[in-house]
Amino acid sequence: MSRKGLIDDLVSANHILFKEGVLDGFGHVSVRDERNPERFLLSRSIAPATVTARDVMEFGMDGEPLDARGRKPYLERTLHSEIYRARPDVVAVVHSHSPALIPFGITGTPLKPVFHMSGFLGSATPIFEIRDAGGPATDMLIRDRKLGAALARTLGNAPFALMRGHGSVAVGGSLKQVVYRAIYAEVNARLQSEALRLGTITYLNDAEAANASRTNDSVIDRPWGLWKKRAKEIG
Amino acid sequence: MSRKGLIDDLVSANHILFKEGVLDGFGHVSVRDERNPERFLLSRSIAPATVTARDVMEFGMDGEPLDARGRKPYLERTLHSEIYRARPDVVAVVHSHSPALIPFGITGTPLKPVFHMSGFLGSATPIFEIRDAGGPATDMLIRDRKLGAALARTLGNAPFALMRGHGSVAVGGSLKQVVYRAIYAEVNARLQSEALRLGTITYLNDAEAANASRTNDSVIDRPWGLWKKRAKEIG
Amino acid sequence: MSRKGLIDDLVSANHILFKEGVLDGFGHVSVRDERNPERFLLSRSIAPATVTARDVMEFGMDGEPLDARGRKPYLERTLHSEIYRARPDVVAVVHSHSPALIPFGITGTPLKPVFHMSGFLGSATPIFEIRDAGGPATDMLIRDRKLGAALARTLGNAPFALMRGHGSVAVGGSLKQVVYRAIYAEVNARLQSEALRLGTITYLNDAEAANASRTNDSVIDRPWGLWKKRAKEIG
Amino acid sequence: MSRKGLIDDLVSANHILFKEGVLDGFGHVSVRDERNPERFLLSRSIAPATVTARDVMEFGMDGEPLDARGRKPYLERTLHSEIYRARPDVVAVVHSHSPALIPFGITGTPLKPVFHMSGFLGSATPIFEIRDAGGPATDMLIRDRKLGAALARTLGNAPFALMRGHGSVAVGGSLKQVVYRAIYAEVNARLQSEALRLGTITYLNDAEAANASRTNDSVIDRPWGLWKKRAKEIG
């Protein structure tokens, strides 16, 4: 994919994640430059719904911008860089405060796949407790490399991690995949929350989760096209 | 109804089910060709909100397209074909992952009619457990005739069935009726879920359910016209 | 108010109640003709969101249209006529299936005012059980004068009644007041439901409810103007 | 900031709070005139979504308009004036009935910060019981200076207070800050409510809350810009 195509997709991902209720005025999405895997792209510090190609900056593996030209980066850019460092397989990262997931992180309720659309969650979703790495008096943000590295360790090989009192992080092998995961992790949380009040849940087992995940990856262009259409309007 | 009229209604049904929150980027709706009852119509594999007349394909009772012309069919088309084979009375089928119904399927909570709008549900809604027919390691999809036939057996003579960890299926004697059922099954699930937290529910009894269902069928053009108007905008 | 003004307000009331989520494809709102109090106005049997002045019909106290001219009336028009007969103070009636109220009717949970906006509810909301008047095998609808009269008896002097397995009815001294009541009864149900899960509720006492209700009636033009603006778009 | 700029921002704040679901046809937002701190600006008594610059009136510390010119002020203007009198640090005040917060006020459930976005809530949110100052038969409104002063005493040095059976009040050092607080207090209530059903919540501790609040204040222009864009449409 051309650099222009990659940037266009990153802009779309920003708008989609806003429109679908994953991001509000906060949160961010980045993509690795596959032709130069030590670099990734991320918007300057603005609301995702308002991101344009001109807002996209390039970052190195230390989380610092290479071409700032006066543009202010997000405070939490090392959340992205440290995951890219620890996970060569990861091509895209979403960090959000999407609402249905927060209650899982703050109560320690295990987030697990309740239906095939969220099979990618697998059998266990790690929860990042910032007090373990940052002590009892942080501002909750991943604002330096040490905290980014600690989050990446909690994430391990998983596609998704909850962050207590803050939000969550999704990773994927492409922008389309990470957007899909961020959206359906939120849907899964909503459904699981509701179902926990009704009775005992039969979750997908490991094989069902893995197989469903593989199948959905094969049709990932379908929702992406729809989401792009819907995202044209900011309202 | 002319073939063109039937295809136009199928396109509308796709858009309506998206707009009313029954389908998202996934799920599908089909209609039997009443002049040739061994055939049914179903879109190629795209998001329902984006379906146009040109995307509609014809299928036989084996679930295979008769006129593919390079268009890719849905993976789950045998969900439709096997129901049409088993149920000569069925003219239209909706398969969805609509959110309020998922918690019922995964917890085994009996879905029952809480108000007259969903009287069609009758006294018991079957739940399809794919492990019974497909073993413990499927990808949850109805991807062959054997699984389609098993789902049709679980559905039996009912108008609606839940699918554990996946979604649900509604059937009807017309597109208007199946769209009505898919929408109000979802509404019923939302209301029943909420009411279960408040106390003990007085459900419609069998006579009330049957009578209310008959009455609502007599005014089914009313919501259909409204839904068509609303569905003009994709947002 | 001129007859044209009254019809225009009735059309607005239809559109507002749809837009604010009180009515969907079903439900209806009527207004008494104050210059001829034995008559009331009600749309022909179409979706409220699509009502225009030409759809408005005139009815007598027997619930029959005086000027049908081929237009089909709602099946439940005696719900309106019998309330107007029993309650000379009532100038407008809304019948809806609005979602947050259904769980109260089907579980027998007392609906009570949780905040000043719904003070009009007073200390007790009656619940209509159609089996008492219509036996165990109705279609749940108020489809004749006997059932309409039974509902009016259950309503008594109250501004609002729940109907088990069906919906609710709001009455008021004007279209603006009844629209306000239908909207805020629904809001109250949502809030009360949520609060019942958190703990023990301090409800408005009788004096607070009555006083708040009087105050809100004095500023009722404020939300009406807003709702009219919002209702211009059907979506 | 020029007077015109201040009025424009106040108009935007009205529209934003409607669009983001904090205000409906009721509630209000005011701002102190920093060049003349004994004065504050507040719309005449209309729905916030419809406020224009011409509706903005100037008030003194007694809650009376200085330039009414026939415009009717809100009944609850002393809610604003008495807080400005008691809290020289406060530059802007929002009073709302936003839905997720009502259940906390009426059940006495402590509202506490569940994530970094609502760190400003600190460790305890006071609840105003109007019966303590106004007796058992008020209309729930802050309709005179005595009740305004009692509310200000309950608020104390806090940024936020719940009002039993009525709503809540947020205060801030600027319009942007108070709008942020009104929006994220509502989000926090929604998340806390949901999480309380899942298990035991780990809240932000005092240091986390204070630090997160400071950080978010430093990026407050980001959501404000987004909210202004979204608020352009009344729907």
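Going by the order they are written in, the chains are A, B, C and D; count residues from 1 in each one.
Here, contacts are C-beta pairs under 8 Å (C-beta built on N, C-alpha and C of every residue); 3 or more make two chains touch, one makes a residue touch a chain.
Bear in mind the structure is a predicted one, so any value in this text is a computation, not a measurement.
Peer 1: Quick one: how many steps at least from chain B to chain D, stepping chain to touching chain?
Peer 2: Minimum number of steps from chain B to chain D: 2.
Peer 1: Which angle of rotation, from 0 to 180°, maps the CA atoms of chain C onto the equivalent atoms of chain D, to the nearest 5?
Peer 2: 90
Peer 1: Where centres are the averaged C-alpha coordinates, which chain has the largest centre distance to chain B?
Peer 2: D
Peer 1: Compare the two sides of the chain B and chain C interface and say whether they are made mostly of the same residue numbers, over half shared, or of different ones.
Peer 2: Different residues, largely: of all residue numbers at this interface, under half are found in both copies.
Peer 1: Just curious, how far off is chain D from chain A if you go by their C-alpha centres, in Å?
Peer 2: Measuring from centre to centre gives 32 Å for this pair.
Peer 1: How many angstrom between the C-alpha centroids of chain C and chain A?
Peer 2: Chain centres of chain A and chain C, defined by C-alpha means, are spaced 46 Å apart.
Peer 1: If a residue has to touch 2 or more other chains to count, which residues of chain D qualify?
Peer 2: Chain D, residues with two or more chain partners: 197, 235.
Peer 1: Going by the contact rule at the top, pick out the chain B residues touching chain C in the complex.
Peer 2: Interface residues on the chain B side: 114-117, 119, 187, 190-191, 194-195, 197-205, 207-208, 211-212, 214-215, 219, 222-223, 225-227, 229-230, 233, 235.
Peer 1: Any idea which chain A residues touch chain D in the complex?
Peer 2: 24-26, 45-47, 49-50, 75, 97, 99-100, 102-104, 106-109, 136-141, 164-167, 193, 196-197, 234-235
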